[in-house]
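In what follows, chain A forms one complex with chain B and a second complex with chain C.
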Partner chain A sequence: MTGTVLYARSRALPQTVLALAATALLAVWAAHALDSYLDPERRVPVVALAPLLAAAAIGASLYSASDELDRTAVRPWWHRRLAHLLCLTALAAALLPLAVLSSAQTFGPPAMVRNVLGCTGLTAGAAVLLGARLSWLPVFCYVSAMYMGISGVRGTALPAWAWLLEPGTGSGAWATAVLLFALGGGAYMVKGARGTP
Partner chain B sequence: MTLLIEKKPEAAAGFRPLRPEFRRGFAPLAGAAVLLTLLVALAEPAASWQGGWAETRDRTHAAAVLLGIPLALAAGCWQGGRERRCRTGDLLRTSVRGALPRFLASAVPVALWVAVGHLVAAGCALLATWYCATGDSPYLVVPLTDTLLLFAAALGGQAVGRVVPWRLTAPVLATCGYVVLGFLSYDHRNTYAGLSPLIDTSVTKLTVWWQPWVSVLWVGGLAATAVLALTARRRAVALVPLALATAAAITLVEADELTRPNPVARRQVCDTSTTPQVCVNKRYEELLPQITEALSGLTGRLEGVDNLPVRFEDRAGRSRPDEARLPMVTPLGRSVVRGKLTDPELYAWEAGMSLVGRGECDTTDDAVARTDRAVEHYLAPSPMEKYFDDLAAKGTEADRAKLKARQQARARLLGMAQDERREWLSEYFATADVCDPSGVPTL
Partner chain C sequence: MTTIQVAGLHVRHRKTVALDSLDVDFGRGVHGLLGPNGAGKTSLIRVLATVAAPTGGRVRMLGEDLADPRARTEVRRRLGYLPQEFGYYPGFTVREFVAYMAWLKEMPAAATPAAVERAVERVGLADRIDARIRTLSGGMVRRVGIAQAIVNDPAVLLLDEPTAGLDPEQRVEFRELLRELGAGATVLVSTHLVEDVAAACTEVTLIADGRLAYRGTPDALSALGAAADGVGDHPIERGYTAALRAHREVAVR
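And now, the complex of A and B:
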C-alpha cells in the first residue's frame, strides 16, 4: 500500500467521507421536511446544524493514533495536513449546498459554504488546542449559542461574530468565516492536532 | 525500638477518588462550556427578558432545554467513552468496586459540573432581572427543575457513550437531542408535545405545578433506566425507573391542560389621581410611576374634561366601553428596556391616540380627520409630527394646503380660552368613536 492510502486509512478518511455524504443527505431531507421552499428562513436549522456536523466529522478525522511516532518522521507533515483539511472542506462545501439550492439570496448555497468554512476553521483550531477527538466542543457551543441568541438581533445588520446566521452574502460574515478558516487551518497545518488519548 | 503509629483514616477518605474527577479533567470544562453557551445565548437579546420575571423564566427555560440538554448529553457521552479511549476499561474492571459505583465515580462529576454551569447561568439571569425588575416575583422552580434535567441528561449521555464506540457519538447524540426537542417544541399541537420539558407558555401563563416535576421524572427515569441497564448487578432493576418514566410520559401526554393563567397577570395597579386614571398590569407595577409621569402632560390637559374613558387599562382581552387601552409595554425590549420607558413622548402619543378612536370607521370626513389630528397634537404630539409637516411643506400644492388647514386647526384649539376648550373637548370626546361626521364638532 502506498503512503497516501495508509495515511487515509489511519485518519479514517473513508468513514469521514461517508459521514459527510450522510450529513448532506440528512440536510437535503431536513430542508424538504421543513418546507423551506415556502420560507427560506426555515432553512436556518439546516444551514447551522449541517456545517456543524460536517465540521465535527472533519475534526474527528484529524486524530492520529500514533501522534508521537508521526512527529519523529523526517518528512514534513504540513502539506499532508493541508491537503487533508482542504479536500474534506471542499467536499463538504460541494455537498451541503445541495440542500438549499432553491434560493441563493436567503440562507442559500453561499451561506452554507461560508458556514462550512467557518465551522471547519473553528474545529481545526480546536483540534490544535484540545485535541482532534474533542474538537467538536467549541464549535458546538458557538452554534448553540448563536442559534438561540440570534433571534434578538435578526432583522438588523448582524455583527461580525454572528457570521453563522447572516442570511445573505454579507462581506463581513464571509470575511470572518474565511479568517477563521485561515487561522484554524493554518494552526493545524503548522502544529497538527494536540496529542490526546 | 520504633513504634509504628497507626494513622487514623480521614473522615473524607471515601471521597478521595472523586476529588481529582471533580477538580481536573473534562468535568470542569463541561461545566464551563454549559455556562458560557447559556450566557452567550441569554446575553444577546437581554433587553427582551431583562426586567420581567416571567420573561426571564421563559428565556432561561428555553435556553436550558434547547441548548443545555443537548450539550449535557454530548458532555456525558464524551466522558462515557473515556475508559475506551484511554484503554483503562480492563484495569477498572479488576477493581473491588462494582460497575455502578465505577460508573457513578466517572459520571457524577461531569453531571454535577453541567448542573452547576446551568445554575450559575440561571442565577446570573435572575440577578440581571432583579436589579431592574418591573413587578411580579421570581419563578425559582423552573431553573431548579432545569438543573435536574441537565443532570439527568448528562448521566444518560454517559450511558450512551459507554455503549457506542464511535468517534462522532457525542456530537451526533447532541444533534439528535436538538432535532427531537426542536420537533416536540416546534408544533405545540403535536400529540407528543407534552413530552418536551419546553411546553407552550406565554408570559401571562404558568405551567400547572406538577408539570416541571413530572418532566424531571420522565427524563430522569429514562436516564436512570439506561444507567441501571448498563451497570446494575440485576438488570431487571432498570424496569423500576422505566415504569416511572412511562407513567410520567403518559401523564404528560394525556393531561388536558399543562398550563393555567397567571393570576398576577389578571390584576392591575392604578393611579386614581389623574383623569383618566392610569392602570398598569400588576406584572409591571413598578412601571406605574414612570408611566404616570410620561402621561402627566396628557392627563393634565384633560383635567375637568367630561365624556372621557374612566381609566387606561392594561389587562388581557378587549377594553370595557368606559376604558381605553394603555399602550403596550410588552414585548420587553421595545417600549420598555431594563425597567425604563425608552421614549416617554412616543408612549404619551400612543396613549393619546387610544382616546381619539375612529380607527374602526371605514371612511373619515376630512374636517373630522383634521380635528382628530389637532386634538392629537394638543394632547401629546407625535415625535414624527415635525418630520411629516416638513415633508408636506416640500410637497405638492395640495399637500401644502392640507398642512395649512391642519396648522390652522391646531392654532384654533390652542387659541381657545381654558373653559371654552374644556367644554369643546367634552363635546368632542362624547363623539370620539362615532363614524357619522354630522355630530362631531370640527375645527
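And now, the complex of A and C:
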C-alpha cells in the first residue's frame, strides 16, 4: 500500500468523499421538496446549509490523530495539505450545484460555489486556530447568525459580510468568499490544523 | 563522540519556565533522563525531536544546527521519536502504521517493507503485525510506538516514558532492546522508573526545575544514595532522592 493511500486513510478521505456525496443528495432532495423551481427564493436554506455541511465534513478530515509524530516528518506538508483542501473543495463545488441547476441568476450554481468557497475557507482557518474537531463551529455560528438575523439588517457593506445570502453573482460577495478561502486555506497550508488531544 | 550538544537552552510555556539555560551533551549509548513531574524532561525531548522550538539557546545534533530548517529536515531522517502519547489511526494495522511513519520519513519505498517487519519483530509483535491497532492492549500499542520510532534505524532515538503500560516481562525485554540500540545510536529515555535506568542506561541525567541537577553513571548515582540521606527502597532510588535534595538545597541558597 502506498504512502499516499495511507495518508488518505489517515485523514478519513474515503468517508469524507461519501459525506460530500450524501450532502449533495440531501441538497437535491431538499431543493425538490421545497419546490424551489417555483420560486428561487425557496432555495435559500439549501444554498446556505449544504455548504455548511460540506465544510464541516472537510474540516473533520483535517484532523490528524498523530499530530506529534507528523511534526517530525521529513516530507514537507504544505503541498499535501493544499492538494487535500483543493480536491475536497473542488468535489463539493462540483456536486452541490447539482441541487440548484434550474436558475443561474438567483441562488443558482454560482451562489452555491461561492458559498462552498467561503464556508470551506472559514473552516480551514478555524482548524488552524481551534483544531480540526472544532473547525465547524465558527462557520456554524456565522451561517446561523446570517440565516436567522439577516432580514432586519441594511447597509451598503451588506453584500461583503452577508455574502452567504446574496442571491446573485455580485462581486462584493464573491470577493469576500474568495478572500476567506485564500486566507483560511493559506493558513492551513502553512500551519496545518492545531493539535488537539 | 558527542551527537547532541545543548547550550543555554531556554523553553518557556506562557509564564512557566520549562528549561532554564540548560547545557548538556549526549554521546552514543543509552541515557536515562530522570526528574520529577514538570522538571522539563518532556520539553527537552520535544525540542530535540524538532517538534517544539526553544525560546533561547542552541541545539546541535548529528553535526547540524537545529535552528536551520534544512538541517532540521536532514536530522529528522536519522531521528526516532516516541512521544508520551503518540496517537494512532485505529483502522490501521501495525504494519500500515509503521509503514506510514516510514513514508513520512521518506525512507526508500523498496526498503520499507523489510524495515517495517524488522522493527515490528524487534518489539516482539511479529505475530500481530497485521492486527488492527485498536484491537491491541495498551502495552502492545506502546510497543507499536517503539516500532515506528526505530523503523528508520535512527542515529538518535528519543523515548518519552517508553515503558508506561508494559508489564514486567515486557519491560525486561525492552531493556534488552535498549541496550542493543544503544550500541550503535544515542538513545535518550525519559522515565520515572529508576530501576529501568539502573538496568539499561550507561549514563543518568537528572533534571529539576528546568536545570541540570545531576549527571553520572547509574552506579555513581546508587553510590550517592548509600553515602547521603536518600529515601527509597532501591539504591538508585536513594541516589535519585539524594541528588534531588542536594540540587534543591543549592537552589535555595
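The rule is simple: the second predicted complex is superposed on the first by the 190 of 197 C-alpha atoms of A that agree within 3 Å, B and C clash if a C-alpha of one lies under 4 Å from a C-alpha of the other, contacts with A are read in each partner's own complex, and residues count from 1 in each chain.
What we mean here is this: contacts are C-beta pairs under 8 Å (C-beta built on N, C-alpha and C of every residue); 3 or more make two chains touch, one makes a residue touch a chain.
Owing to the predicted nature of the structure, the values given are computational and were not obtained by experimental measurement.
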| item | value |
| --- | --- |
| Touched partner set for A:S10, first chain B, second chain C, both or neither | second |
| Partner contacting more residues of chain A (chain B vs chain C) | B |
| Which of chain B and chain C A:A19 touches, first, second, both or neither | first |
| Which of chain B and chain C A:A57 touches, first, second, both or neither | first |
| Touching partner for A:F140 - first (chain B), second (chain C), both, neither | first |
| Contacts of A:L69 with chain B and chain C, given as first, second, both or neither | second |
| Intersection of the chain A residues that touch chain B with those that touch chain C | 197 |
| Of all residues in chain A, those that touch chain B in their complex | 12, 19, 45, 49, 52-53, 56-57, 60, 63, 133-134, 136-137, 140-141, 144-153, 197 |
| Of all residues in chain A, those that touch chain C in their complex | 1-3, 6-7, 9-10, 64-75, 197 |
| Complex contacts: residues of chain B adjacent to chain A | 26, 29, 33, 36-38, 40-48, 62-63, 66-67, 70-71, 74, 78, 85-87, 167-168, 170-172, 174-175, 178, 182, 333 |
| Chain A partner contacts - residues on chain C that touch it in the complex | 49-51, 73, 76-77, 79, 81, 83, 85-92, 96, 99-101, 103-106, 109, 148 |
